[in-house]
Structures are given as C-alpha cells and as structure tokens.
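Okay, so subunit A shows up in both of these, paired with subunit B first and subunit C after.
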Partner chain A sequence: MITLTSLPLAEADQEFLDKVIAQRGGRPGALLGILGKAQDHQPRKFLPRETLEYIAAKTDTPLARIFSVVTFYALFNLEPQGKNTICICRGTACHTRGSRELLESLMFKLGFHDPDDEMADKISLNTNDGKYTIRTVACFGQCALAPVVEVNHEVYGHMNEQTLQRELEHLGRETAKK
Partner chain B sequence: MAKLLPFRPRIAVGMGTCGTGNGSEGVYHAFADAIDKRGLDIHLARVGCFGFCAQEPLVNVWLPGRPLVILHRVQSQHVDEILDDVMMGNIPTALALCKIEEWDHITAQVKYGTGYANIPSWRDIPFFKGQKKIVLRNCGLINPDDVEEYIAVGGYQSLYNVLIDNRPDVVIEQIKAAKLRGRGGAGFSTGQKWDFLRKAVAEKKFIICNADEGDPGAYMNRNEIESDPHSLLEGMLIAGFLTGATMGIIYVRAEYPLAVHRLERAIEQAKEYGLLGEDILGRGFNFNIELVEGAGAFVCGEETALINSLEGFAGRPRPRPPFPAQKGLWGFPTNINNVETWYNVAPIIARGPAWFTETGSAKSPGTKVFSLVGKVHNTGLVEMPLGTPLKTFVYDIGEGGVGGRAIKSVQTGGPSGGCIPHEMFDTPVDYESLAQLGSIMGSGGMVVMDEDNCMVDVARYFIEFTNSESCGKCVPCRVGLDKSLRILNRITSGAGRMQHMETLEELSRYIRDSSLCGLGQSAPNPVVSTLKSFAEEYRAHIEDHKCPAGVCGVQPVGETA
Partner chain C sequence: MSQAVRVITLTMDGREISARGDQTVLQVARENNMYIPTLCHLTGLARVGSCRLCLVEVKGINKLLPACVTRVEEGWEVSLNSERLSKYRKSILELLFSERNHVCAVCVSNGHCELQTLAQTLGMTHVHFAYRYPRLAVDGSHDRFVVDHNRCILCTRCVRVCDEIEGAHTWDLLGRGVNAQVITDLNQPWGESDTCTGCGKCINVCPTGALVEKGKSVREMTKQRQFLPYLTLMRERRW
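Here is the complex of A and B:
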C-alpha cells in the first residue's frame, strides 16, 4: 500500500513524467525507458520513492513490480549519487590487466576500508560527504584500452594507480571550486 | 559515391568508441579547425572503426586516383604536417600503416587507385592477414551517420531486390542453403528460425535484434553498430518482409551510448529516405523499428529474459517451451537474432548462398568477428573464416604475447566459456570444436592469458560475475554459484582443501544439468575447464599455499579455517 507520508511531486516534475509516459506508454521496453528518463531528470541521478509512486499510479503498474524492476537492473539508483562518479570496468580484459587492484585502492582512498564486506562484483558506493560514487560495470566494451575507468562519463584507458590518483586530485580541486 | 571518392582529397577519422577513447575526437577537431583556417579543399569525414584498436586513432587519407592509406596513432600535433603533405599530393609515409587499392564491400566494389610501392597493402600487415571482412565490410570506411555513403556501397540493394522479387519462400530457402547460424553463440540455423516465424499465424509478429552484448571482454557488436548501423537495419527489414513481422525491436545495452546514438540517427535517416516506416521503397511494405535501451543486466541477453524485460518486468528467463517463435513478446510469435547474424543477411542475398558457403567450414560457413584482447601484442577486432585454428589468432594475427611473454591460455565465450590451454591451440574455432573442449565460441570474446594470470583467479572472477548476475529464479544457479564462489574464495585465499576440487566438479555438474536458462547451464564452464587443464594450479594453491602466477593473496591458514 502506498503510504501517505511521502511528499507529492513538484508540478514541473509531474509534467515531465506525464510527457515521458505519454511518449513511451504501451511500447516495448516502456517501463525501462520511463524509469531511465525519470532518473536522468533528477540532478542527483536517482529515483526517489515519490517518483516511483507517481509512475506506478500513472502507468497502472503495481508499485511492487516497479520496485522489483528498479532493484533488478544495475543502472537504477534508489539513493542520491555523488557529485562525481568513478566507474571501474570489471570486464575480463580489464581484470587480467589489474582492474581489481585499481578498485581496491580507489575504495581505500575514498574511505571504504573494509573491502571484505563490500567486495562484491556489482558495486555502487556513495561517500558520506556526497562527493563521490564508486561503481563497477561488467564491461564497457573498450577492452583494447584495458584497464578502463570512466570518470564522470568520460572514458580513460590504460589506467594505473598513479593516473587514477591524479584524476582524483583533479576532481577534488574541481569539486572544491564549485 | 561522390562522397566516398570525391574530386578532392578525403580525410576520414576513425571515431568508434575505441578511437575516441584514444583521442580521435581531438584529432578530428584539429583537422576541422586547420582545414577551415587554411581554407583547404579537403573532404573531412568521420568513419567507424577499422578494427585495429591497438593502433588507434586511425585516419584514412585518400587522394584522387590513389590507394586509400590508413595512418595509425595519429595525434593532434600531426595534423598540420599531414595537411601539408596532402596539399602537396603526398602521403605522410612515416605514419602510414597500410594501403587499400580496392575494397570488396560485398554489395559493391570500390576501386580507390594504385601506387605507393613503399606502403604495404593491408593484407600484408600481420594483423589483417587472413581476415575476411563480410560482417565488417563497411566498418571504418564509410560514415556511419550518412545513409548516402551506405547506399553508395550497395546498401539497401538487397532489400530492394527482395521486395521487387517478392518471393519470401525462395529467399528463406537461400538463407537456409547458406547455412547461416546464429552468431550469438547457440548456432541455431537462422533460416529455420525465420521459417518458424513465417509459418506462425498471428495478428502480430515481432523480430528482435539482441544487442545486449553483455559478455565482459567482448565488444564486436558495439563496433558493428557504431561503424555501420544501416547494415543492421537492412538485415532486420529483409527478415521483417520475409517473415511477415509487424515490428522490429533493437534491444541495446545502455552502456553503449555511442551505439545508441548512431542507431537513432540511422533510424531517422532511413525513415527520411523511405527505407523504413510506411510503404517502403514504394512496395507497400510497412515496417518500423523501435530502439530499447537495457538497464545493466547481463541475463537480459538470454532471449526469454530479454522478452520479460521488454514487457516491463525484471529480466528473469521463462521456461522453454513455449519457444519465442510460438509465444514471445506479449504472447505473439517472436524471432530473436544476435546483432552479427543480421549483418550477414544482405551479403548472402547479394552474392548467393554458394558464395557464402565457400568461406568457413562445412558445418559452419561464413566468418565470425572476434575481439582479441588481453595479454596479446595486437589487440582489436578480427573477422576470420569459421574453423580457423586458435593459434592463427594468437600468434599470426595477435603476434604473440606482450613483450614476448609466454601465452598460457585463451578464454573464449565470456562467462559461459572456458579456458583453452596452450596445448590445444590447434583446435579450429567453430561452434562444435570449442564445445568439445568444454568451452564455447559464444558471441566472440577471446581473452588471451599469459604466465602472469592465475587460472584459479580467472575461474573465481567468472563465478563472481555469474553469481552476481544470476537472476535468482532457479535454485541450482542461485545457490550453486554462491557455493562455488565461496569454495573458490577459500582456495584463492589459501584455505582450500583437496576435496574442494571434487566438490566443485560435482556442483558444476548439478548447475549445468538443472539450471533453467543458458546463463546457469553454462556458468560452470570456466571452473570445469580450468579444473581439467590447470589442475596443478589448483593444487599449488591448496597444498603449497602458493599462487604460481602471484595473483592471489594466498596465506597459509591452519586446518580450522
């Protein structure tokens, strides 16, 4: 049952979702598309509960099914994402060229010191200060450039700990400026 | 044709994702700025990827009447020098990788010209030697964002002929006679699948292109779509007409933004040119193609999971039968083919089944595109006749290990495949031979491993992957992979025992025999194949607490662990 405590959506957001739903409703892959657009529309790239409830009501889909879809696919987030997203490719070519070490060192640097608990294949971790999100992806398909790291949607090939560290420092300075 | 062979020099920058990852965006803009500033009469274009990823950014330079020359590792600082040369009617020889005098686009031939005795022909470069480009016939040579260039090399000609002839039965027989098999890995006869759909009677029928290329270490489909999206549309349009399908759907990975973008553009252009939509080419045939982006779930590459995903559910597989050809999307008959399968359609129709079966092996004619990556000297996309021995890939095309290091194994088929040891490199690469070795050809990933790679770690890596991608619907896959992963974790951390090897084998058998879908049924392959060929590495971890490759952090632990 939808609880009454959640906040209603702002009117502009409702209009946006109405438009997206009108465009895609009934077509193959409609729900994935609607959820994707809704998440992109959010500045912090996530799907708040009120958005899910609104989509459920408007598309006549049970909220439970929407929740099942959102939690099934790796691309959807239920929590606000950091200002910077660093995504480490865990594809086979990247793995054979040391992406696991890159991931571990990145997690350590950003304060996730207990890798045993958090070390899973699919990772989506947010730092407490909201500055960073660490993610992994199964494969970017850029295997010839392995190991590959994507920083704020830009792909960097042939990464190592030094170049990643430099990138982090650069991001730190940029984020401080804003 | 005036765009491909203009009356002035043409410079084309390779702008696939690999190219842009290596800085081709900057190179393109440097060319554009310099040409603009100097007011030069040069045709500048963007093309897809020619496949030699290790040498990116690649730039094609063509002077009227001369061969097309491919320059490699071009950086922005080379731009002025290249333009100086081109305006003098010269080729910057120092950057030249190879030349192309004429090119067989299969659907048309292009003669670029002759000359440049000191630049090797593309066929004489080890990486390209023996390659036969049927699927990749246009990749890296035409502008993927320009339908006119596709049409100039014979694009949509096959569709036109099929529509004019209007004998769908005959054409389906041709596809059957060509023995085209599904390039997603299962290898089912494409012609037969289409025949099922054609014979199905229903109010609606769907055809789907599976572009949810999820195998880590494989990116053939990404490049095919990025470099030549119209070939895919043409293949689907032809199948749509032959089978009486009412709609086509391309399910593409969201991790491939450039591929999505190029497809959107191609669909738009095809509609503008009357090649898609209502009354196609004036022959009264209506067909639309929808683009759907996935959302990051490996299992959606399985056809019934993909259908669930399209219907707005979590992407969990359904039991088969009923097969999608009987009851697919929303209960209607549906045919699903992999990206690469569609790319073979127009060539078969253009040149006939007898031409197609000339290449490859008797049971598996044609070619297959592989992504050759990992610890190998030359990395990139390689299109070879089916049945080519594995050693040709590794030692001739790939030119051996990085820095001369010894190669230990090749992993084929992604998480569903296995590791083929060095001793077996004579094996021909086709559906049956690899399956006999406990691996699969799969969608075409080939990851080369050398002595610095630990095979137990590789098995652990894949089980970690399939375990986290398991949809959780059936017990053998959900629980079995979790147990396998725990055991492998113990072995790689030094807490393994000898009986673990037997337990792993037993578990693998259960998972393989009783899982619902292909993900589970093939998930144990990496474990089984490494247990078989690299048992001594497992033993070294368990008995000696040593990782021979120095990858695993093995620590001696007492019996109680």
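Here is the complex of A and C:
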C-alpha cells in the first residue's frame, strides 16, 4: 500500500512552485517537469501530499492523474529519502557476480530483515534515522565492472562485502561530521 | 464526416465488404454482423486498444492488429477468427483469470460478466498458468458503491468514463505492471474522495464485478449502459 507523507507547504515553497508552474505550465507533458523540479527543491527529495495537492490545484490536473504519474515513474519518491543513497545493481552480470549477497548484507547491516523485500524486483527502502536509502536498479550499463554499486551518484565497480563495508563506514563518518 | 473520406472495399473472413475509409476494423465488422471479441472497448469511450482481445490478422502484415484502433484500408484481407487468433485470445483470457481472484460462484456479476461471457464464448476450458492469488483490498467506504480490486481487470473503462463523460476524473491507475491498480484521487478511500460525484457511471461500464452497487443482488446488478450513446450524442449537439 502506497501512502503519502504529510508536510505543510511553506510560503517560500509555494512561491517556488508558482514560478515553476508559470514557466512550464500549459504545455503538454509539463507535469513531469514540474513534479521533478518540486522534488529536487525538497531537501529530503520527495513529494509530500500537500505539494501534490498544490500542484494539482494550480495546474488544473486531477489528483488521480498526479498520483498515477508519481507512482508510474520510479524517479519520484513519496517518502523522505535518506541523506545517502546506495543503489545496488541487480542486472544479470552483477547478479552472477554476487549482487544478491551484497544487497542482503547491506540490508542486514542497515536493519532490514524482511525477506519479502529482498525478493522484490525493485527496492526503495529508507532507514528510520533518515541516513540511508537503499535502492536497486536493473542495470547501470557498467557490466564489465560487475558487481556495481552506486553511492551518492558515484559508481563503484568490482564491489565486495569488505569494500562496501568500508564505504558504509566512510559515509557514516561523513554524515556524522555534517 | 470529412469530405475526403473514401469508400473502400476489403474482405473479412472471405466476405467482400465496402466501408468508409475512416472506420476501424471493429466498426466495419460490427456493421456487418461479424463478431470480434472485445473487453476494454466500449462505444462512446476513447479507444485504448489495451486488452488485445480484438487482434485480427491481415494478409501481408506479419503482426496482429487490434481491430478497435486500426483503420481499414483498401484491399485488405482480414481474418477475424483464425485458429492462431483463437489461441492468442484464449491465452489472454487465461492470463486475465490467473492475475487476480476471479471466482464466479461468489461474484455479484455472475451471469452478466463480460469476462465470464468471453471465456464461455471463446471456449476457454481451463487456465494453463499458475494463479497468482494476490491479496487485494475491497474498498467499501463509499455510501453506495464498492470497488473490489480482486475482480478488476484494469480495462480502464471506469477511468475513461469518469474523465470523458462525467468530467470528474476521480479514477486513475496506480503504479505499473503487476502492481497496477485503479485508484480514487490520491489513493484514498473512495468514500473520502472529494471529486467523486456519485453518478455511478463507472459501476455501469465495469465489465466485471469489480465495481458494484451496495445491497444489490446478482439479478439486480445488471449493467445499464443506455446513458453512454445518449450522452455522447447529446454532447455532440451541445444542447
């Protein structure tokens, strides 16, 4: 069941959305761009209920249509995202090189224990402390470097549990510093 | 009708037929009392060609064409009911049956369900695929209506009738692929929807028992669709 997160819309955010809608509104396909901008503008990179309702009202788009669009495209998040995003490739090449084990160990370390999650085609999980987001992707197109893991939009090849653990510790220190 | 519409001739299942160039294969077939099974198509609503049951074969074209969205062309030799087509259609129906929980015996639409009727007409005797048995919700929060996702086949007739005829666009689809589902507004309970006018058009266009009226027995739950051609006609004339 997909649920929305509630977060009141500040006045500055409203002004930002008004500007984006004024720039892009009215053209076919404008909704995707507006939603994308709204999500990027949000510090936790997600779309709260109030934002969706505001965009719907301002662009004369039915609520159901907006919800349909944000659930169809994987790039839209409806939950607050972690400070660090770790994205594990589950493509064929990475799978044969052990990406399943990488994913399992990462999920275990970050406190996810639901085997259903591990079996799902697509994962997008957030830790409760708001530090990490785990995602899976079908292929990065870097199969020669399998298994591939993307950490905060940087691609790392030939990963194993030790290197991933090191990366995780590094991220932990960096996040603590901030 | 535009001025440039030509009259063309084609053959359907060996019969010579003349038709207007702006007609679809399905329209021509129906005008000539020839049967093509359909599920997502409903006259008066936008054509989406998503159920693929109306696929037909045209000589010289390798792929199968959906009759509801394909315009006829001069000299086509169309076959509507070949062995290949009947095999495909049965497979499509089997996939529809295996995808959710279609249990006719306990369904309020038993006896007037389009999915059931098609399975009988096309001679689908059993399902070769493993049933998925998904655990899906039944939303009875609306005063008068119920949506049972277990019986939904995602034909999007409700989405289209609500958007095009009623103008409310309360319905839409959530997600994609196996996770797709019809939703009201922001995926909230139907009863809490602000946009739903309670007109009941979605109930009447639903081909299965997914959308039904509360408190109606099987016999009472027959679909009333006279409003659709009537409203389409009236709106064209803008009265």
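To be clear about the criterion, the second predicted complex is superposed on the first by the 163 of 178 C-alpha atoms of A that agree within 3 Å, B and C clash if a C-alpha of one lies under 4 Å from a C-alpha of the other, contacts with A are read in each partner's own complex, and residues count from 1 in each chain.
By our rule, contacts are C-beta pairs under 8 Å (C-beta built on N, C-alpha and C of every residue); 3 or more make two chains touch, one makes a residue touch a chain.
Given the structure is predicted, the values throughout are model-derived calculations rather than measurements.
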item	value
Contacts of A:Phe72 with subunit B and subunit C, given as first, second, both or neither	both
Which of subunit B and subunit C A:Ala176 touches, first, second, both or neither	neither
Of subunit B and subunit C, the chain that contacts the larger number of subunit A residues	B
Touched partner set for A:Arg49, first subunit B, second subunit C, both or neither	second
Which of subunit B and subunit C A:Ala12 touches, first, second, both or neither	neither
Which of subunit B and subunit C A:Pro62 touches, first, second, both or neither	second
Residues of subunit A contacting subunit B in one complex and subunit C in the other	65, 68, 72
Of subunit B, residues touching subunit A in the complex	17-18, 20-22, 53-54, 56, 206, 213-219, 222, 247, 249, 251, 254-256, 290, 292-298, 309-316, 329, 371, 373-375, 379-380, 411, 414, 445, 447, 449, 453, 458, 461-462, 464-465, 467-469, 471
In the complex with subunit C, residue positions of subunit A that touch it	1-4, 49, 52-53, 62-68, 71-72
Sites on subunit A touched by subunit B in the complex	27-33, 35-36, 61, 65, 68-69, 72-76, 90-97, 120-122, 137-146, 148, 155-157
Subunit C residues touching subunit A - in the complex, by the definition given at the top	137, 159, 163, 168-176, 183-187, 195
